[in-house]
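In this document, chain identifiers A, B, C and D correspond to the written order of the chains, with residue numbering beginning at 1 in each.
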Amino acid sequence: MTGLPDRYSAMMISEAGAMPELVERPLVAPGPGEVVVRMRATTMNFHDLVNLKGLIRGPWPRVPMSDGAGEIAAIGPGVRRVAVGDRVNTAFHPTWLAGRPTPARKRHILGDTCDGCLQQYVTISAEAVIKVPAHLSDIEAATLPCAGLTAWSSLREGACSVGDVVVAQGTGGVSLAVVQLAKAHGATVILTSRSDAKLAVGATLGADHLVNTTQFPEWHLVVRELTGGRGADIVVDVGGSTSLGRSVQACAMDGTVAIVGVLGGFGGAEIPVGVAMMANIHLVGITVGSVADHEDLCRTLEVTGIRPYVSHTLAWTEMPEAMRIMEANEHIGKIAVTIP
Amino acid sequence: MTGLPDRYSAMMISEAGAMPELVERPLVAPGPGEVVVRMRATTMNFHDLVNLKGLIRGPWPRVPMSDGAGEIAAIGPGVRRVAVGDRVNTAFHPTWLAGRPTPARKRHILGDTCDGCLQQYVTISAEAVIKVPAHLSDIEAATLPCAGLTAWSSLREGACSVGDVVVAQGTGGVSLAVVQLAKAHGATVILTSRSDAKLAVGATLGADHLVNTTQFPEWHLVVRELTGGRGADIVVDVGGSTSLGRSVQACAMDGTVAIVGVLGGFGGAEIPVGVAMMANIHLVGITVGSVADHEDLCRTLEVTGIRPYVSHTLAWTEMPEAMRIMEANEHIGKIAVTIP
Amino acid sequence: MTGLPDRYSAMMISEAGAMPELVERPLVAPGPGEVVVRMRATTMNFHDLVNLKGLIRGPWPRVPMSDGAGEIAAIGPGVRRVAVGDRVNTAFHPTWLAGRPTPARKRHILGDTCDGCLQQYVTISAEAVIKVPAHLSDIEAATLPCAGLTAWSSLREGACSVGDVVVAQGTGGVSLAVVQLAKAHGATVILTSRSDAKLAVGATLGADHLVNTTQFPEWHLVVRELTGGRGADIVVDVGGSTSLGRSVQACAMDGTVAIVGVLGGFGGAEIPVGVAMMANIHLVGITVGSVADHEDLCRTLEVTGIRPYVSHTLAWTEMPEAMRIMEANEHIGKIAVTIP
Amino acid sequence: MTGLPDRYSAMMISEAGAMPELVERPLVAPGPGEVVVRMRATTMNFHDLVNLKGLIRGPWPRVPMSDGAGEIAAIGPGVRRVAVGDRVNTAFHPTWLAGRPTPARKRHILGDTCDGCLQQYVTISAEAVIKVPAHLSDIEAATLPCAGLTAWSSLREGACSVGDVVVAQGTGGVSLAVVQLAKAHGATVILTSRSDAKLAVGATLGADHLVNTTQFPEWHLVVRELTGGRGADIVVDVGGSTSLGRSVQACAMDGTVAIVGVLGGFGGAEIPVGVAMMANIHLVGITVGSVADHEDLCRTLEVTGIRPYVSHTLAWTEMPEAMRIMEANEHIGKIAVTIP
């Protein structure tokens, strides 16, 4: 346990809606099967924004932020999966190791049901950390646990393959990861956004077609036109109530709409049920993925050399500013937060 | 061509909304690859009711009714798939022979885009007829092309297997076929209906749990309770706008909601998008199935000895009465119509 | 930790090829995430026979036997998956929790790479025990970890469903479980054996067709004949070098041969590669399954009420006799060993 | 039918083992649902070589060669799938339109069970022709029906995706197509051959690793080393009896060995059955694919701009020389034959 401090700093939320505040905590040695990760960076997801606003139940006080990257600082007895010094992610769902989603596997989310990543050290099961590709910086690696893996799982659920057409909505972290990963699968990508400047970033990441939804609010018709009337094989829907109906209408027969976000609000979403039936659309809810899926993602990033896109990097004392940026929708891809 | 008459009788709709009227038509010899089927029975689906009301575009005049059973009366040159005398169904989609649905494969529906089954003879590609199980009467066999196959495809799309829990909604033709076929797959079946008398019929076909939705309008909560909170693995949704939201809520994590009907109307259906996402629900639109799927269904019926349930059998001159029964929801399972 | 003794008895193999001998060992309290299982029964697989003969490398001394059933005697800190008193199996691969097989997940086998089940108490991760169906005796439950789960996984790999034809070879533990589970999936079962007496037992468990391979050494031709020339959808091959070629020839186009055993020896098996290619056969190696698969199996047994077949039950001091019975092929289904 | 000649030239085999000889035949107008294709090129597969040697039963005399490309010269009544002038392939299995392989779907092979492509005109069902990508020459397009589609189906059966490792054996037409298509899927490709010159061609097509099997006869060990001990996700085996055992040993746990050829002879192939079982290998026999698969292949070629590799192009009077080249193994990729 040489090298581990007795105490370390964490940013802790005292109660629902409070901002994270710096606290000092004792650091205990990892138990059997556990590791201690020295966190270097985290990134913010819409889900974290909701959490920081106090809208997600769970134990208080707690350390927020589901995503993190750093290196193994210590390993407990019996750990062989990783070694001290390995650069790793922590898993979004630390208890979902592999297989299909089940309530038991998804019962924990870092930052929601237990302490998250906005702290210098995280103690966690060795089964719940994933080695990150060597070519990624800590900040880049910190984009993977939620946004990167959600994009990956969406494409896997839709069996994305060469020749497919994929629609990514907007230029948030999931959507830009969809652009990059879909290209790696050999797909053609249609990217939508209200901003030409943001679309231009998407183009540099490989998007084949750019659709400004301010100019073309009926973007699903543009997708139809771009595909010769056929529609897209996979639409990754991030809006929910504000977009799901159009996503169904943008989808090719027997295609897949991945439901990955509720940016449009937590209410219901209306879908054209006759269209969904007649066109044999598959709508499927995606919640991130398993540790095994995360490993598959990392293997693909290694092979392809893909680097996630991060538009803003802030200090961990600047969480309110990070929240403001996301709420103002100023970011492109991810907002990262470094951990000192 | 011995034995084929020169002329035969058909019930023809002259224009949108007109009732079928008896006409005489010449019977021509089957061309290469074609067969002539002597129709003995048809059955009515909700889809046929809509068609009989004139609400489905297509060529007029035309012979209505998508489903039919009879025997091969003649075969054209080169036909080896069936022989004269074979008892067969015609396919709902005569151009969807196998594989996943595509617009080209689904471009035809008997009774909609071309002449249907309410006639003494149907001339059709030999690839589009399916031998029916010997233990079924013509009337029973006539339930398979649309209702039976829709039930089959729904269970296949949800990968129904032993130990699964399946929800069938109401006691129409699809739903009662779901009851029978799900039991054959080793599943436990929960059947809903507003009528205890109809539920009692479902019980005789194997339904394990009966839920009266007049008594329990929040039937999805009953499904949760019956499954120890887990939800159903497969929910076959026939209502669309009036039921889809509850179907999602009745579904287990990673389970499937098969969208097979729009009995609740042709508008949109609101789904709880957060639930669909968090519970990783698969909603999938089903439109009947292919000839190959139809053959698989028949093979299963042969092995299991399942006999579809028909509550009413009418003469083909009684189409208005058949429509009235369906609109009044008096039927249980299928309404059959014999062809003289 | 009330109620746990300080010391307990185990049957330990001192070195390769030695017979298990009674030893006393200290019992320590379960660590975090661990449970202590009071073992009540184990059953013998061919794999255990090989192990008892000293042919499987691993640490010596060790406690043999991969399969076990008993009840939870104590739980360590943080365990919520099971409670004291729950009747459970231990997992064949305690580190394969879910998902597809990987070397990491399969790195441990009870009795091979670590202590097995021939002892009064087993201390193991709570993630590696599975609640067993209430209707099973301890002895019956002890048949599940290897034989039951291998049968289950074979049928799942072949996507067994209603109307399929399944071939089970011989009347060992895996094959009789295949008979029972295939019937639960709605399949037709063809059972082969050299013994009419053993076939008669298979018939009582549901086998539809019985083929005496002494009488019909070309049993694959009998399978062809019984299936109208089509072949079986799934053949569960237990012999390897002595049977795999015929299994391929017994298989229907696009069917599956599950490779689950090497009863015929550890050498190579010759397959008719032209037949395998032309008939699009899938041969797939099965090694038991994951904890999640084991849970699915148990859920199915609960729903169906299936009870595994055990022909011999011995005391744990009678291991040499258990070995003799298996080598003499006197058993039908499983040989069980009780733990005092 | 303007523009169709009354008579046309074909190369016909009079009896088993005879060389194709020029004959003149009458050209009849296409029947309902049929098209007439003006053939421009064919290519030779190992299967054609066997056929030209007279080793494949079927009707004599017949026109050999399964693969062809040309343009639609005439369409029969009711044909809407293609138009005169469309550049098309004929299908290897003209009766396998879609779905999984069945004996009925695979009952015909051009050149074997009916006349093939070594003729100026082929009359065939409109359902059995496939539009070819515009960027391909006739000769390039003529590589698709057997070799291209076999490669495609192998990768699809193994669910090839980004990050996978694929082994292609040798530099024949299937193997070089595997190289190109696997790269389009985002896979890493290991190519084996006895010739450095041939490997160099494979490298220009994208192969990542080249293994000279004269230098490394234990090539499976090289695959293990190149993959860090893991093995390949997909091995496309073309040798059968001479290679299948090593292919199994080269394969990663849960990976796929596609059995696509019997270049090593028609006898049995020995596989290490213990390895296949313990490593959960999937061996699967591939026979080309369906018309729908062929369409998917063409769509991918269009999107990726892949051009098949042809090392030799001969006149149709040079069939003996084409046979000699293949037997001498002088070719790389495909041997094409033009049709005047």
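Some observations on this one:
The definition used in the following text is that a contact is a pair of C-beta atoms (placed from the backbone, for glycine too) under 8 Å apart; a residue touches a chain by one contact, two chains touch by 3 or more.
All of these numbers come straight from a predicted model, not from anything done at the bench.
The minimal number of chain-to-chain contact steps leading from chain A to chain C is 1. The chain pair C-D and the chain pair B-D differ in C-beta contact count, and the higher one is C-D.
Fitting chain B to chain C on CA positions gives a rotation angle of 180°, reported to the nearest 5.
Chain B and chain D, compared by their mean Cα positions, are separated by 40 Å. Annotation for chain D: residues 100 touch two or more other chains.
Contacts from chain C toward chain B in the complex involve residues 160-163, 181, 184-186, 188, 296, 299-300, 302-304.
Partner chain D is touched in their complex by these residues of chain C: 100-103, 106, 240-241, 244-245, 253-254, 259-262, 266-274, 276-287.
Listed in rising order, the residues of chain B touching chain D in the complex are 31-33, 81, 97-100, 104-105, 290, 292.
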